[in-house]
């Protein structure tokens, strides 16, 4: 029995898919083998911006072993139309052109053709034999440069839109929006301390270890099946139907195990190409993406420019804040600037706020979601400015955050009012942590040490659509089919909620992630929604099963169903103590009273019930001579609502922290003057290794979410938000120099220290 | 009457007014009444010729995402916000 | 295409013969020809460790070995380290410590950690971190992986 | 990866014949951790891969305190640092052998391969230079020896002629009161290419108060790993002091001719050369005193 009176929730059972994964038997997307399988490869643009004058595929087609070659001309031409696919808005023409470039290439690595051949090596040889004639155009890769008059224009027909209104100026700025609350000028006038700073961040990648893959078979009856690794099988189905202009009923997506996504495995890249190649050859076609193409040809999260101004009174009250946020969308509109704007000041209660957001196209890959998309860039700015204000006022930075913290009833800058949230509780837990109360020992090796803190917010997207289908076995165990792909242990966290509801053990539930023909529509595993949203469906499924079992018991016992109670896992008839039985006992007889017991439930809760908050504390050591920053100690504090499986909540926090550390210290797309990424490998895109980190300490705060039957709050995303700012504040504490450009890599830190005498 | 918070970039339609009270039992009625009082909102909010919100705009009712097809109920104390839809997922 | 070469090996204790082109990596042979898909391709250039196997007692990145080089060698892959019915202590500890999330790097980590414990049955945390620095994990932040390996020390 | 043939000669003579027959269209495979990746990424192309690991001389590893250390060109790093006696005698070389790639790479990668790959940033090359290493080369005209500092001629290029290949590396026994050290700077703590790498070996006087001689080499600051003779010479006969070490560091920095690339600007690399040279000489002195 865990805290809060739960029997299963809050315990740490071994995950259901664990044995398959530690023995190497689990089947991931690239592991599938099919009879007659062909292998595909992609031809990509060497230029960041060019008009395609001609593509000659004849030499490739003549190469021995090649079975088919495909270009954008083989894709249906699609109108300029926005569609709501799963949780994101996508322009279908852009989505199609991103899969295979039509007319123009917009970034280095943009796919222009695909090949199917008898093996991968032959397919790669054939790719080299495709001759593409380009007219190279001027390119732009920086967000501010792309906004300037006279910048190279990516889309000649694109005009800035603004809350439904379209201007008549052709520009790389796809969208401008504004949130305004109160009168910021008045607020700044009241303030005693006003700080305004500029920040830049660079493009970073999700860095999942499994590269993208898709295996397609388009059979003679016109039925398309795709085996793939994705965060959302139904989203892939929708994208395929739209991009290939075919009925949804003709597409089946089989989601295999997925080796990480973090937001980057929602869009399709290879799937439509593999499908077309399969249709042309009559064979199944497998495509896997090499690592360099993952960096250059999928969707990283954007670089950005931010200007943040905040003011506070001498007694430590925030009075006003403004933000100018320009985010790179990449080749096509749709950066996460909107999400960033929704998060940038949200941990605080500020009466006067204005936020202006700009979504800007540049000659880089179309950006995509990455764990709390847009929020990490935003928090880097805000949390550094808050640190500076706290210092100016001479107050503890966490006490300042508690004093100004958002709580139930606080209005967000984008309008809505917070329901019950754990912002202040989380900050207080950090303030009271052993780590924060400990003193930081001096370095004995000539290096300098410092401590930093930062907070973060992520809204947790609305619950979304989830479907669950269960059948009860005679031994009382339950087969549970679900549509949420399991990236990090959600089979367990969903099964645990069903087990809790019906009084079984976690091991009594056998969860299966199934294909799109076998379960109802389920939204993507993303937005921190799965344990919340599909868990919500699991609870509803349990309720449905209890109702059905009461009906069965009423027949077996010949008593009225509404006189049967269910408590502590036991069904009992109120008026006769003999008539009682556990779920398992009843299950063995239930089939005789009305056939097999099954239930199908779908849910779509209309809100996430308030977002997730995190506060982090980090100690660093800085080598002044080289600019290298080492992490000595790290503590992450976060409100999880209710932790279903605490080990996996901790794991989400630790993983998010380490991605944030990578983003803060070293990760970036490094572009040369030719608009080409120069570090597209795991060697040079420096993600943290074991040796770069200490253990990551975690403190789980539980302020139950009132919108979920078990109080669950999504936990996956917010832990990536605070680290870069916490590191910047720690580096300042150590050196006296503030870093406002990410990543805070050794050359940048050394230069900043040399210039500022820090 | 429900309270609508007009985004700063739509206040050109309301003569600068930030908060508007509108009658209506569901979002469809609310938008019809808003259009009647301040013409132009339908064109800015709805897909042409439909009763669906444009995909790049989100409607929030009391902090919860409302459905794009405008079926959500609205009560006397409801607060309604129009926000840019969050993209970045695809 | 060049001529295929006949290669004789021992894999997970079983004698295995295969034919491969010289350009096929050991990783390709294991996955595509021998159906041993536990070794994963994460980078194909020796920088992530997802394809690690033990070859004649030494940890190697199977993407940086040619299949033909395996002739006469003894190879251990994740499929040869414990089974569902008889998990290796490392596998058991990975499960108990929740040392995996998506699981794609897990086979590589377990193979690498086994090679470590074979050579040094009682490594320190620093030694574990150093040895595993060539294995990338993007989900866990390594905390629980390092704890699992440390906890497997005496039982391994 | 383009197709190629594969051969496993069992003698130096057979290997020479194969390599001579194919000229530039053949390449040598030892550990393969660079070569296989380069072939895969089309940075190199070949018709024939000659795997030299079955040749006895290329797998030989021997040390005695009179004649020194001999390392076959295909001996993987782990065997070198796995030998306690060798590790104790050549700690500066071990510093580098332990950080070539991850543990899996060290199971295959060799000093010989690192040298023949001729990367300006090859980690084991600066320590091989300061330890006065010599490369034994076999070819159609017999064998010859070349000092390691003269072996690399440009990025990816060496003194090896068509038909020639590296057989082994030889290092004199360490002198009394000597010590060597290698450190590289990388943004992470492992799995990276040196932004700058510096190695130093020093011989101290009996009372360990002054330098008898010193050799300093720097990686990743020139087209080839750079032997900075003048920096070591400046220490000879000088007292061990911050000032003399600082002067050597200045000379190393002045000798560096780095480029700016995504791993660091020229200015940053010059700065690091100075910082690392100071730290590395101090480390070598410390080892000489132990």
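For clarity, chains are labelled A, B, C and D in written order, and residue numbers in each chain start from 1.
One rule holds in what follows: contacts are C-beta pairs under 8 Å (C-beta built on N, C-alpha and C of every residue); 3 or more make two chains touch, one makes a residue touch a chain.
Computed from a predicted structure; not experimentally measured.
Colleague: Comparing A-D against C-D, which pair counts more contacting C-beta pairs?
Modeller: Of the two interfaces, C-D and A-D, more C-beta pairs touch across C-D.
Colleague: Using C-alpha centres only, name the chain that sits farthest from chain A.
Modeller: D
Colleague: Report the inter-chain centroid distance for chain C and chain D in whole angstrom, where each centroid is the mean of the CA atoms.
Modeller: Taking the average C-alpha coordinate of chain C and of chain D, the gap between them is 29 Å.
Colleague: For chain A and chain D, what's the span in angstrom between their mean Cα positions?
Modeller: One centre to the other, that is 44 Å.
Colleague: Taking each chain's centre as its mean C-alpha position, how far apart are chain B and chain C in Å?
Modeller: Distance between chain centres: 56 Å.
Colleague: When the centre of a chain is set as the mean of its C-alpha atoms, what distance in Å lies between chain B and chain D?
Modeller: Using C-alpha averages as centres, the distance is 69 Å.
Colleague: Counting only residues that touch at least two other chains, what does the list for chain D look like?
Modeller: Residues 1-3, 189-191 of chain D each touch two or more of the other chains.
Colleague: Please set out, as single numbers or ranges, the residues of chain B touching at least two other chains.
Modeller: none
Colleague: Return the residues of chain A touching two or more other chains; collapse runs of consecutive numbers into ranges.
Modeller: Chain A, residues with two or more chain partners: 121, 683, 688-689, 691.
Colleague: Touching chain B in the complex: which residues of chain A?
Modeller: Where chain A meets chain B, its residues are 82-90, 95, 161-165, 175-180, 235, 239, 263, 266-267, 301, 334-336, 338-339, 341-342, 354, 357, 367-369, 373-374, 414-419, 461-462, 524, 526-527, 606-607, 610.
Colleague: Which residues of chain B touch chain A in their complex?
Modeller: 5, 7-10, 43-45, 54-57, 60, 62-68, 72, 79, 81-90
Colleague: Mind listing the chain A positions that touch chain C in their complex?
Modeller: Answer in residue numbers: 12, 14-15, 17-28, 30-31, 33, 65, 120-122, 206-211, 257-262, 288, 290-291, 487-489, 645, 647-648, 650-652, 654-659, 681-683, 687-691, 693, 695-696.
Colleague: Across the complex, what residues on chain A touch chain D?
Modeller: The touching residues are 121, 124-125, 625-626, 628, 630, 665-666, 670, 672, 678-679, 683-684, 686, 688-689, 691-692, 745-747, 750-751.
Colleague: Under the stated contact criterion, what part of chain C meets chain A in this complex?
Modeller: Residue list for chain C touching chain A: 1, 21, 23, 28, 31-32, 35-45, 47-48, 50, 77-79, 81-84, 87, 91, 94-98, 100-107, 110, 128-130, 132-147.
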